[in-house]
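Take a look at these structures.
Both complexes shown next keep chain A, but they swap its partner, so chain B is in the first and chain C is in the second.
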Partner chain A sequence: MSRSTWRGIIGTLLVLAAWEGAARGFQLPAYTLPAVSDILAAAWRTRAALIPAGWLTMLEALSGYAVGSLLGIGFAVLMAVVTPLRGPLLPVLMAINSVPVAAYSPLVLLWFGIGVASKVVMVALAVGFTVFLSALAGFDRVDRRSVDLMRSFGAGRAAILWRLRLPAALPLIATGMRVSTVRSLIVAIVTEMLGAYGGLGWIIYQAVVQIDFVQVWSAILVASCISLAFFGLVGAIERRVIFWR
Partner chain B sequence: MKAVLRLVLGLLIAAAVWQGAVLAFGIRPHILPRLEMIWGAVLQAPHAYWQGFLRTLIETLIGFAMGAFIGVLNGVVFFRLPALRDMLLPIFVVSQTIPVIAFGALVVLWFGNTLMAKAIIAFYLTFFPVTVNTLLGLNSVDPRQVDLLRSFGAKGPQILFRLQLPMALPQIFVALRLAASLSLVGAIVGEWFGDTTGLGVMLLQAMYNENVVALWAAIFCCAILGTGFYALVAWVERRLVFWGAEQ
Partner chain C sequence: MAELADTPLLEMSRVSKTFGPVQALNGLEFSVNAGEFVTVVGPSGCGKSTLFNIVAGLEEPDDGGILRFKGQSCHAAELLGRVSFMPQRDLLLPWRNVVDNAILANEIEGANRKEARAKALAMLPEFGLAGFEKQYPHQLSGGMRQRVALMRTFMFERELMLLDEPFGALDALTRTMMQRWLLDVWQRHRRTILFITHDVDEALFLGDRVLVMSARPGRVKMNCPVPLPRPRHADLVTAPEFIALKRQVLDAIEEEAMKSFTLSTGAH
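Here is the complex of A and B:
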């Protein structure tokens, strides 16, 4: 392993040790900072509740992520192919995007109820705009002369899109999708906290109400593990697909 | 000027689509109220909206300022001490996977239900992208230019302030624009933990009362605040980074 990896491991261990030491040494109450070992123990003890909740949140995030990515890329392709649509459609999308995503949560909950649908919609909204903006930037990045060259060889719009614009846009699309992984989980949890029947956000909300902060931390632990795994997975796929980078 | 015109035109188109859809398809006010209903709701209690707007604005600004300052500072420290960077950056990355809102409950507990607690949440969301981009910008400085300055007898701090930080500014501003949006999200979400004023509170109250008109009014206030702040940061960027890497 490289030196920076080792330093990363050592740094993580040092921080964890300092955390554990501070919590134990100063006898910090659980609502200030519970010890790492206590959090791990609580996570293991309440695994019967955490695993299904993590599973539900993960499914919501993944479905929303898939829908959002498809819509984001789809709209970007549409605007790259049918350029006249850009004039009227882009301002409307930009107006929707000018509102911070979190501000839509209450509205989406009213519209789609407090079941799974509202979480999927929120995640799709957050992921969709990130992917859309990066995909659009990617499609526009193509050199004008390359397009002219392909056209002079008789390539149609579809061929230019498939052979030139898409490969050029892929790195940017992938970056957008990689950044969106962590966001998708956070948005799902945020929406769950405002109202849900289950999921990590719901557990966190209940734990906050019951002032059980060890439980909050253990749910955070599960959420972080899921987002790191998701982030790592998408990153690995990205390195496979975009081998030329 | 052209950008402003385009923005106004875009807003007009968006408003026309909205109003046209509501009138043409007979959409119920529960889903999309007519625009004048929303405007009416604001006019009924302009003071409350203004108070909420100001409160959230202050939280956003404090959080943004702290995030920008600490972020740049972190970036410089990590740049000067690579060993520290290798040790701490992975933990920073992991910390960003923590859902803000869960963290928010803890912050409110630590700092009390104060304006500061919301600003801290906004700070938490903003400092990381600024740190990473400062580091990126500093690392991209041409080493030959550093050598040149050093050969003229420039000291470390001089090189930092005269060469490295200015060269990193375009990168830093990319993060600052992102941070402008993120700090507002942090302030709004932070208010969801039992505050009494602010746009986030108005959003929640409207949701509990199932008052879609008030909900949209609050959403519009958030949009104005967000767009205005973003535009301000972008304006400062054009002024400061006049040699502009990307516009």
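Here is the complex of A and C:
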């Protein structure tokens, strides 16, 4: 493992130790800050509930992420190729995006129900915009002179898109997709908190109602583990695919 | 028949180009014969790049200008894909290795990728790139990147090659090495080359003919044949005939540089 990875691990362990020390030393009540060891113990005890909930949330986040990324890239390609679409469409998309996605959740729950579909739609919405905007910026960033060079070789629009603009936009598309990993989990959990049949958000909501804050923390623990793993995986794929950066 | 053979490959007359209030070219006239190596020098901002963009087909000249390719009058846009163009910067694609960068133009033409790769592989030693086929641009030195770009230009086999200051970004030593090497390659492949530079030594050392451009708006101020024998060697640049030609060309450029300097500073 690299040095920075080790530093990250040591830093995290130090924070957790300080947390444990503070919670025990000041004898903080569980609703303020439970001790790390208590959270871990609770997570282990309630694993039968947490594991399926974690799976559900992860599946919702992943499906929404896939749909959102495809739509985001698709729309960006469309606007990069059919430039006249930009004038009328871009302001509309920006207006939709100017409101935090969570604001749309009551409507989405109403339209798509309390089940998995509404979570996927919400995640796709959140991820789609981030990926769309970064992909569009990527397509616009292409060097004018490279386009001219391709044209001088007799390349048409399709060849320029496929051989130049798409690969040139990849680094920014990948950045957008990496940032979206964390967002996808956040949005899935928030939407679950507003109405769901299961998932980590639902567990958090139920635990709050039952004033079981250790359970809230153990669900958060599972969520952040999934989030970190997802972020790390996408980051690793990005480094492999975009090797020239 | 004799007439046909005498037809220049490229001919321009009364070519002007205006960008808004700026006139980049005004009444440009010149021709390039098949197999000739013509170099273009001029003060900075004299419209050399505009001239190149027209010949590459990227920009149309103003109405009234005449452009002929192989004796046929044509629009600049019709030259797209018919001239192999090498811009100032190498513009290699960072996600393609040396061979795949070299065959980019062939791929766009629709050539078989496997055959193009095999051809490129066979050409690597000539371009000093043997063993580097799998390297990516960020792993190469400036001189090597430039050679890959030149190879891409050579692979795109067209009668006319346009080179826009291909060695401008290289250090002096690498540049002289590349010039000698380019002459070597040219002697073997015998393409027609139109080569832009701002280096008078380079223009004379390489060219059969040097065109000196005027200050903006650009036109051809002087057409200077270079009757120096080939193959040319490094010590040519200190020969008296070379120095005499250099003096002529420098005087012409100096006059133009003063003009554009006076224009831009408003001095009299």
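As a convention for this text, the second predicted complex is superposed on the first by the 235 of 245 C-alpha atoms of A that agree within 3 Å, B and C clash if a C-alpha of one lies under 4 Å from a C-alpha of the other, contacts with A are read in each partner's own complex, and residues count from 1 in each chain.
Everything below uses one rule, namely that a residue touches a chain if its C-beta (ideal position, glycine included) is under 8 Å from a C-beta of that chain, and two chains touch if they have at least 3 such contacts.
Quantities reported herein were computed from a predicted structural model and do not represent experimental measurements.
Can you tell me whether chain B or chain C touches more residues on chain A?
Counted on chain A, the partner with more touching residues turns out to be B.
Looking at A:146, would you say it contacts chain B, chain C, both, or neither? Reply first, second, both or neither.
second
Contact-wise, after the overlay, does A:3 reach chain B, chain C, both or neither (first, second, both, neither)?
first
Between chain B (first) and chain C (second), which, if any, makes contact with A:232: first, second, both or neither?
Neither: A:232 stays clear of chain B and chain C.
Just checking: does A:31 make contact with chain B only, chain C only, both, or neither of them? Give me first, second, both or neither.
First partner only.
Overlap of the chain B and chain C footprints on chain A, residue-wise?
none
With touch defined as at the start, can you tell me which chain A residues reach chain C in the complex?
143, 145-146, 148-155, 159, 163-164, 167, 170, 242-244
Which of the residues in chain A end up touching chain B in this complex?
So the residues of chain A touching chain B come out as 3-4, 7-8, 10-12, 14-15, 31-32, 88, 90-92, 94-96, 98-107, 109-111, 182, 185-186, 189-190, 193-194, 201, 204, 208, 213, 216, 219-220, 223-224, 227-228, 231.
Using the touch rule from the top, collect the residues of chain B that touch chain A in their complex.
Touch residues, chain B against chain A: 6, 9-11, 13-14, 17, 31, 83, 86-91, 94, 96-103, 105-106, 109-110, 181, 184-185, 188-189, 192, 199-200, 203-204, 206-207, 210, 212, 215-216, 218-219, 222-223, 226-227.
Mind listing the chain C positions that touch chain A in their complex?
The contact residues of chain C facing chain A are 53, 56-58, 80-85, 87, 89, 91, 93-95, 104-105, 107-109, 136-138, 156.
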